[in-house]
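Presented sequentially are two complexes of subunit A, the first with subunit B as partner and the second with subunit C.
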Partner chain A sequence: MNSYLKDKAVNFSFIFPALLLFSIFYIYPFIYTFILSFQRGDGIYTSQFVGLANFKEVLLYDKDWWPSMFYGGFITLFALTFQNVIALFLALAVDKAIKTGKFYRVIFFVLCVLSEIIVGLLTRQILISNPGIFNQWLSKFGLGFFIHNWLDAKQILFQIGNVKITHALITTALVHSWKGFGWAFVILLAGLQAIPEQLYESARIDGARSHQSFLRITLPLLTPVIVLVCILTILGTMQAFAMILALTRGAGGLTEVPVMRIYNHLRGSQIGLACAEGIVLGVVLITLSFTMLRISKWVRSRWGVLPS
Partner chain B sequence: MYYQVKKIVVLILLHTFLLSVALSCITPLFWMLNASFKTDTEFRNDLGLKLATNPTLENYKTALTEGKLGFYFINSVFYTFITVLLIVVISSLAAYGFSRLQFPGKNIIFFMFLAAMMIPLPAGFVPVYILLNKLHLVNKTGYVLAMTNIGLSFSIYLLKTFFDQLPRDLEDAARIDGCNKLRIWWSVGLPLVSPALAVVIIFNSLNVWNEFVLASLMFTEDSLMPLQVGLMEFYNRNIIQHTLLMASLTIAAVPIILLYLVMQRQIIKGITAGAMVG
Partner chain C sequence: MRLSKMSWLIIAITVFFSGCAPKQEVDEKKIVVWHWMNDRKDAFDTLAKEYTAQTGIPVKFKLFFPPDIYSQKVIAAARAGNLPEIFGILGEKQSLGSFIKAGHVLDLTPFMEKNEKEWKKSFYTQTLQTTVFNKNNSYEVSPGIYGVPIDATLMQFIYNKSLFEKAGLDPNNPPQTFDEFITYAQTIKNKLGVDGFVCGWGEGWLINCLAVEWAINIMGEKKFVDTIEGKVSYTDNDWIKVFSLFKVLKESDILANDITTMINKESEDAFSKGMAAFSFNGSWTVNVYKQLASDLDYAFFSLPRVSNRALKVWGGAGSSFMVKAKSSNKIDAIEFLKWFTAKKQQSFLIKNTNNLPAIANCEEELPPILRAITDNLERLTHPNIWPYNEDSRVIEVMNKALQQIVMGIKTPQDAAKEIQEIKQRVANQ
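This part shows the complex of A and B:
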């Protein structure tokens, strides 16, 4: 019996370091977020219990929280459509031109390995209007009609309530998609290459045209991967912020995405508010990805595609 | 004949599309590299569009010394190295335990690690920062430990699936020869999972090297900052001189790009594996 216990203890000791770190830096902070969200103060020296005041502040009174969610949502929507559609086209193209596929894959992914700060500062340097390197290139290549102040946050293009859409926001969305498409491309390509070649062959023998086999084979079998990419795009983009900080520094609040707000509140010692915002954002994200999973399941059962 | 022409046209269109996207990725990076070798006056004349005919290393010198990029670089190397070393040891031990050994609560604990990968914690850095403050760990140690934890879940998952696929014969043989469990992990387990270890090492190195949020909260002293924070600091401190900034961005980017070019197979594997978990 004693040796049995000792054996189990030895076995447990293999995972003990991991479990210890995980408890201190994941489980405890996870619970701590909720505790802090009911408090006000800097969380280190002073803190007092305020009940649900922080959540009320975030959900009802804070004029800037929902706009910031909208800015994050705008960039996410851009990434979901523009970035992922281009990535899908690229993946389909590379899947066809497979001989040079590896070369393209290496190039497309390079922006994803660079840090958000590097890409943000580099594009800021190119796009910022003074002296306006990108604009001067455009005029050199005869594309002068494109010239504008890319990171401008003064001129408001549209306004809905508190939400102001500026050039800075659109540029941010563009740069974000540009940095992120390689990632979506790699996953979609892996999904495409996992589709067995025999399916296409038998379809060809049965006389299917290429658009038919795309609609009947590629698309249904790729749906789970597309859904996965969409969910991860939402999660990633709504939580992105370092690149945006480097690119626009928030553009006076007009590209202030949710996590940037949380970060600023932490810096401003408004810990309770930061945690409450984090919880709200987390709940929104979990709900969104859960809904998308359900929808994709429903679509697949409707189309009669085997679950994978 | 008609089909051949059609096929060639389609191929040309495909490659034009692919090449133009590829160019959009490469051009800014090449421009950055090129501009970093120019003097300021040269740059103002041609905006970095012409090749640097007489390249100067002056920008790199200034960036490394006055810009303190050298310090930041060494810090980044240090944090990355220690963190990845810790991740490799801790996660491979745990993965071996989860895959091969029996103990109570095994499945629940493994499930917790899995769940941690799937639940988004957008404000996760807030309580971690407060906690480190309370533990008086707002320093190198605290940063390395917190970063180690971030890499653990994924690494354990990847290594465990790899261990699960391996036959147990070698380990049985080692046990009969009188190896204890730790020895089996070290001399049999680790060599067998070395392909997965490579993925873990590369993937986590990129993550730690590129991490910004926690580092920017924790390090306010120049001498402790890693590159990403240092770059922001450097940018804020200087009235912008393009060529100098491009040199410092190049210093931060080149090691990563080289590592990527050499190890791109492992990186892509890590990315796809990471996505498939979700």
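This part shows the complex of A and C:
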């Protein structure tokens, strides 16, 4: 063996264990998921090759798949707007709070540390109509007019085709946002603290007002971080599952999100179908992420951060 | 001394793969049992110790909880060829069939039929039937007995006797018919302000059990099985009648709020606190109520009838154990299971876990509340006993449709149409 190949082999040997582990735990399951998605069976014995039948079932025939994507999308939209806007405002506030910043960082982040199941079960106990702890609090604070059945899936607020928006779905979206805003807050705060203070000082010397500093300095420089937060929010929320399962059990399909459908099909021994659903969801999420990156590039070039 | 890069590489690879050698069984006689029954852990461990003391063979019960996790673990272990000597399989009979066809489960027929079928005869027929595959079965499994039931389960209606008394109803006369059930529940709700009926219908299988019991009462078991086989449509009038019962339940305003998002544990908690007059649950609930509210005054009663046809009760083997086909300890494992399902051990389990026994002639050990329903063990119905199993996608659609009828956002007719559509699609595949 010449010394070049020997060096290459030795160098490769150092990454070999990591590569092997990565292949076993990431690449193999990934490829195996693809293989299973073309089969029908329960993953133990039966495995019949069915071509694209599982994908056809998911994309064309399954009446509950696209509503579940919509419900996931609805919760994501809530998280993108409500959750991230609150996170941004809090990050802006805490960014300036020199003495108490650390305290707030811990307070806002603590919810993210809790398990999704725990948050789901706890909020269910608070929101469920009997004994109705949350409703009792509302009544105590003179907000009795606001009392209603928070997990009610019976009352449809509005309907688009097969998709029904209920109180249960809105409550699910709110609880998800409440649990998740800590992540966005921490990332946005880190982004804010990375913006050099000299830029604000120069702007002040040039007579810029605070809203002008925000629009001309903070927002453009924070755009990559906001895009990152948005991508993470989309990926995280579209794959949310445990909290929703604990909170509503799917509410007869009216809060059923894509991962819950995958879970139900796995439990029902429809392994091929579940894998096909996983792949479809993955493709949708990758497409959304790339779209967000394109939008980010466009926004940054429009605002003059990148050359247009 | 300095080692060359190549020497380091050889050492690294040797160390890396050293953990990959197959584990050698140190104790050849050891029997390992995997289970998911959290509530029976201590009782199982006690029996394991006793067996070891008697025979010298170590027995280790390993608990994996919750059942979903257990189920995934068993599937993964089967694929990896790493199953223990004894294990349980959760899920539909189709799953058991797949395990058998993949060669993981031992056919116990020769052992069950030894000594003039002594072991086989000790079980209630229907409980054993859940793990039996008959000739020409639809799962294409070689006929045989593939599991050992360790207890039995029945799904029953339950009523709170104290609430009956407070509402001026006779606590010893529960409702017999569906109409009486609605009237009683409404009376209690109106007089006492508690819910008429509570159940964990957020878990689809519970609403499905009840629908099946009513379906069999309305159309008979043959027509019911014919539907699964595809000979009768879900849009048949009898099925519409079944779905309409859930509409009546909703309209009668007796159901607990949030019933369609409620899990069984929550419903058990609510019933044990006297927050509802009626519930529908399994016979295991006796143990649950004993722990939640030992002074709760309640009793089981039969399904409120809709027709005069014979009633069937959803139930069967609560849990069954299978023996690993390729185990070198299979004979020891079978001997242990024989001992485990003998009268003395079954009586011990009854006393400690308040579950119905898998074998007959243990009735005197049962608490009176369970003794009263042992007759129902002779008229069980269960998917594992039917000659055909419904596809899980059809069951999923049916459960959701029933939940939506209860919510009042779907009509029985729409539900029937939707279920038949998926049934048709599955059949075409």
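The definition used in the following text is that the second predicted complex is superposed on the first by the 288 of 308 C-alpha atoms of A that agree within 3 Å, B and C clash if a C-alpha of one lies under 4 Å from a C-alpha of the other, contacts with A are read in each partner's own complex, and residues count from 1 in each chain.
Here is the rule we use: contacts are C-beta pairs under 8 Å (C-beta built on N, C-alpha and C of every residue); 3 or more make two chains touch, one makes a residue touch a chain.
Just so it is clear, the structure is predicted and the values come from calculations on it, not from any experiment.
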Subunit A as common anchor, with subunit B and subunit C clashing or fitting: clash
Partner chain in contact with A:105 - subunit B first, subunit C second, else both or neither: first
Contacts of A:86 with subunit B and subunit C, given as first, second, both or neither: first
Dominant toucher of subunit A (residue count), subunit B or subunit C: B
First, second, both or neither for A:43, with subunit B first and subunit C second: both
First (subunit B), second (subunit C), both or neither touched by A:146: neither
First, second, both or neither for A:17, with subunit B first and subunit C second: both
Partner chain(s) touched by A:136 [first = subunit B, second = subunit C, both, neither]: first
Which of subunit B and subunit C A:268 touches, first, second, both or neither: second
Common ground on subunit A, meaning residues reached by subunit C in one complex and by subunit B in the other: 10, 17, 43-44, 267
Of all residues in subunit A, those that touch subunit B in their complex: 8, 10-12, 14-15, 17-19, 21-22, 24-30, 32-33, 36, 43-44, 86, 89-90, 93-94, 96-97, 100, 104-118, 121-123, 125-126, 131, 133, 136-137, 140, 178, 182-183, 186-187, 190, 228-229, 231-232, 235, 238-239, 241-242, 245-246, 258-259, 262-263, 266-267, 271, 274-275, 277-279, 281-282, 285-286, 289
Subunit B residues within the subunit A interface of the complex: 11, 14-15, 17-18, 21-22, 24-26, 28-29, 31-32, 44, 47-49, 89-91, 93-94, 96-98, 101-104, 109, 112-113, 116, 119-131, 133-134, 145-146, 148-150, 152-153, 156, 181, 185, 206, 209-210, 212-213, 217, 227-228, 231-232, 235, 240, 242, 245-246, 249, 252-253, 256-257, 259-261, 264, 267-268, 271-272, 275-276, 278
Subunit A - residues contacting subunit C, complex: 6, 10, 13, 16-17, 20, 40-46, 50, 53, 61, 63-64, 124, 128-130, 149, 151-154, 156, 164, 168, 247-254, 264-265, 267-270, 273
Subunit C - residues contacting subunit A, complex: 5-6, 9, 12-13, 16, 68, 71, 75, 78-79, 91-92, 94-95, 97-99, 101-102, 104, 195, 202-203, 256-258, 260-263, 266, 270, 275, 392-393, 395-397, 400, 403-404, 406-409, 418, 425, 429
